[in-house]
Amino acid sequence: MTAVSDVQATIAELRRTVSDLHRELTRYGLVVWTAGNVSARVPDHDLLVIKPSGVSYDDLTPESMVVCDLDGEVVEGEHAPSSDTAAAAYVYRHMPEVGGVVHTHSTYACAWAARAEPIPCVLTMMADEFGGDIPVGPFALIGDDSIGRGIVETLKDSNSRAVLMAGHGPFTIGTDAREAVKAAVMLEDVARSVHVSRQLGEPKPIDPADVASLFDRYQNVYGQR
Amino acid sequence: MTAVSDVQATIAELRRTVSDLHRELTRYGLVVWTAGNVSARVPDHDLLVIKPSGVSYDDLTPESMVVCDLDGEVVEGEHAPSSDTAAAAYVYRHMPEVGGVVHTHSTYACAWAARAEPIPCVLTMMADEFGGDIPVGPFALIGDDSIGRGIVETLKDSNSRAVLMAGHGPFTIGTDAREAVKAAVMLEDVARSVHVSRQLGEPKPIDPADVASLFDRYQNVYGQR
Amino acid sequence: MTAVSDVQATIAELRRTVSDLHRELTRYGLVVWTAGNVSARVPDHDLLVIKPSGVSYDDLTPESMVVCDLDGEVVEGEHAPSSDTAAAAYVYRHMPEVGGVVHTHSTYACAWAARAEPIPCVLTMMADEFGGDIPVGPFALIGDDSIGRGIVETLKDSNSRAVLMAGHGPFTIGTDAREAVKAAVMLEDVARSVHVSRQLGEPKPIDPADVASLFDRYQNVYGQR
Amino acid sequence: MTAVSDVQATIAELRRTVSDLHRELTRYGLVVWTAGNVSARVPDHDLLVIKPSGVSYDDLTPESMVVCDLDGEVVEGEHAPSSDTAAAAYVYRHMPEVGGVVHTHSTYACAWAARAEPIPCVLTMMADEFGGDIPVGPFALIGDDSIGRGIVETLKDSNSRAVLMAGHGPFTIGTDAREAVKAAVMLEDVARSVHVSRQLGEPKPIDPADVASLFDRYQNVYGQR
């Protein structure tokens, strides 16, 4: 009984967290209409909480979030889950350290993705947050494990918490949903700054040793601890 | 009596819907000042509901919307209707499946329109929503059926719900006004992403078979059903 | 007495109108910090109402507006007037049909101004609102009549209600302050759309006869009459 | 006692000022997530007030601000200070006329910084506010005095209140925190306008004598005195 009510309390809290975090996607202009979503792993259970499919950001509530198992099947919820549920579920199955996944079609990240071109690490903010270039994943159709597998294979040996799926758009991961949302916000910011910089010349790459040093400091010293 | 009051109730509801939907045009930055409008067909009647001409978005109310017949003549309303009424009416006369028409001068769609260049389908979101390239319609002056005819001739054999009228700007259609607004929002988003992508190289076209598969899935599986 | 109280009532109303219209400059992102202003002529009097210099848009009130004569000298008000007062006053002295003047440093208009390059008329919205290309005025330093004279000499034989002062930024005029603000909003919109269009090729100029026809219709038929 | 309570009152006021000024960074889109900060010198004391590290702008309060000495050590406050505290402290130690320092990663300033390219003075607004080109400082890693020293060495003989740290982003200074925030806002505005202008050709430099004249007037005549 206790275990059951514990997981119910966790799910109730994650429903609110996931619902609320979509406001960061709209605040930073990463999504239009209904095109983007946040999900969270339910810790210690083979479950995830995700946005319902095709529902407006204005209409999201904790109650409208959908709970699925890690095969993407609905366990609890009145709505159909995001059509990216299978991709997110694949990530949770194969990357146990991941607690949150975000997908958007943010403009500048999509622009690099449409050319299937990685974003070079030319700003300290990129080194801090992503530890190097933002890599490109394969072009993959929705409907099976292709997208999830492309995300995992691209990110598993990378410092980066963001991948540009070719011809599609960005997916980001984090230790929890908030960290994945932060990565989505920072990704679009650096995708834009580096794009703008390259419009008028070649930005200077940061030395790999400096990238490593910046990444290490930011992951271990920045913020409140 | 019943039929009359039914249509009055429908019109009252559409006045509110059409008035409210203009807020999506301003929210997504698709319009400035008074330059863009939404209209809706009154189902089963040869009538449409449209924005009044030159009235600020802040001042729109259900009461200020104008009801016209499908020749564009005012049937009910205290204001002159949008100067795009004739174009919308032509679309409703010739495309019975269309329930909503939207016209904006959104920046990136207009940029492609000013070059009379179709937007190539290089992102899955474009394949999902538009089923291929966004086509260009003819340059046409306001004042007769030229604009309406250009829209209909361009869209009637296309998957696309959006047309870029050359030297002018985008028109979008939908099964209802909300769907036409959604198409206007998605159009500007992909017009921007593809523009940005092409600034630094050539985005990769999506294989036509993949476009067809994505379009089919999105039209039939996405969202709540 | 009556005449005096009439003009006082007119000034009170214009103080509110001019103060409020600055909200359109911030809404459309035409200004940052305090860099831009609206003024209005007091009809039938050699007076104008203008923003105080260097005061934040958040802090503007009807009371903080400044009344000046058409030599730019303060007649009423506790603040120093905008440093563009002399330019606006010159316009009111030499263009009796002008009731409002707006100056901003909006991004895209400034970008054309920094190259001293007119904006070509390639969109119907430009033909409607400006009746042709947006012309460039001379580079002129602040401090004497140079800016005002440059505006007047550039606009007096033009359909355009906007001028790009070289190396400086846009000034717009209108029959009243609201019309001048509208011109500033529309100018930035077309400056941006045409810029974006030209980034990837050459937009097609609209035939001068079509420009004339569109301008005539828009000035005489559009809106509520 | 009086001196102690005076400095406490000053610190209390600066905590509020610094906390509130971060709203200008978000309003003008100069920062995302937590990436940017404002600090202020405590006049006549070897102290500064600065944003806590990694705290969201929504959550900033006067109480959460951190008071440090000019070696960057925390004197008062429950949070770890911004990771840019050492850089700001260095500036306050070496430039006694500086009362405020701001650091952002605003998009267009970062784009110039990534190319290590100064922004040429081609708009009167740049001459007014910055008195010439925006200079570039060295690439410097966080963790010692390198960033602070780079800022001071670049700005000490310049009219400019802004420096683009190569591969990193902008720092701005002012006589107080509000002036430093203003410089950050104006910097991004001119960085964007000049970038956009150069996308389609070469903007014309302003004659150095005119730059000097504009800078002198703006520093001495503009605004309320």
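Read from first to last, the chains carry the letters A, B, C and D; within each, the first residue is number 1.
The definition used in the following text is that contacts are C-beta pairs under 8 Å (C-beta built on N, C-alpha and C of every residue); 3 or more make two chains touch, one makes a residue touch a chain.
Everything quoted here is computed from the prediction, not taken from an experiment.
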Can you grab the rotation angle between chain C and chain D? Superpose on CA, round to the nearest 5°.
90
Mind checking the centre-to-centre distance between chain A and chain D? Centres are C-alpha means, answer in whole Å.
32
How many angstrom between the C-alpha centroids of chain D and chain B?
45
Two or more other chains in contact with one residue: find those residues in chain C.
199
What topology does the chain touch graph have (line, ring, star, complete, other)?
ring
The chain D residues in contact with chain C across the complex are 28, 122-125, 182, 185-186, 189, 192-194, 196-197, 199-204, 206, 210, 213-214, 217, 221-225
Inside the complex, what are the residues of chain C that reach chain D?
32-35, 52-55, 79-80, 83, 105, 107-108, 110-117, 139, 141-143, 166-169, 195, 198-199
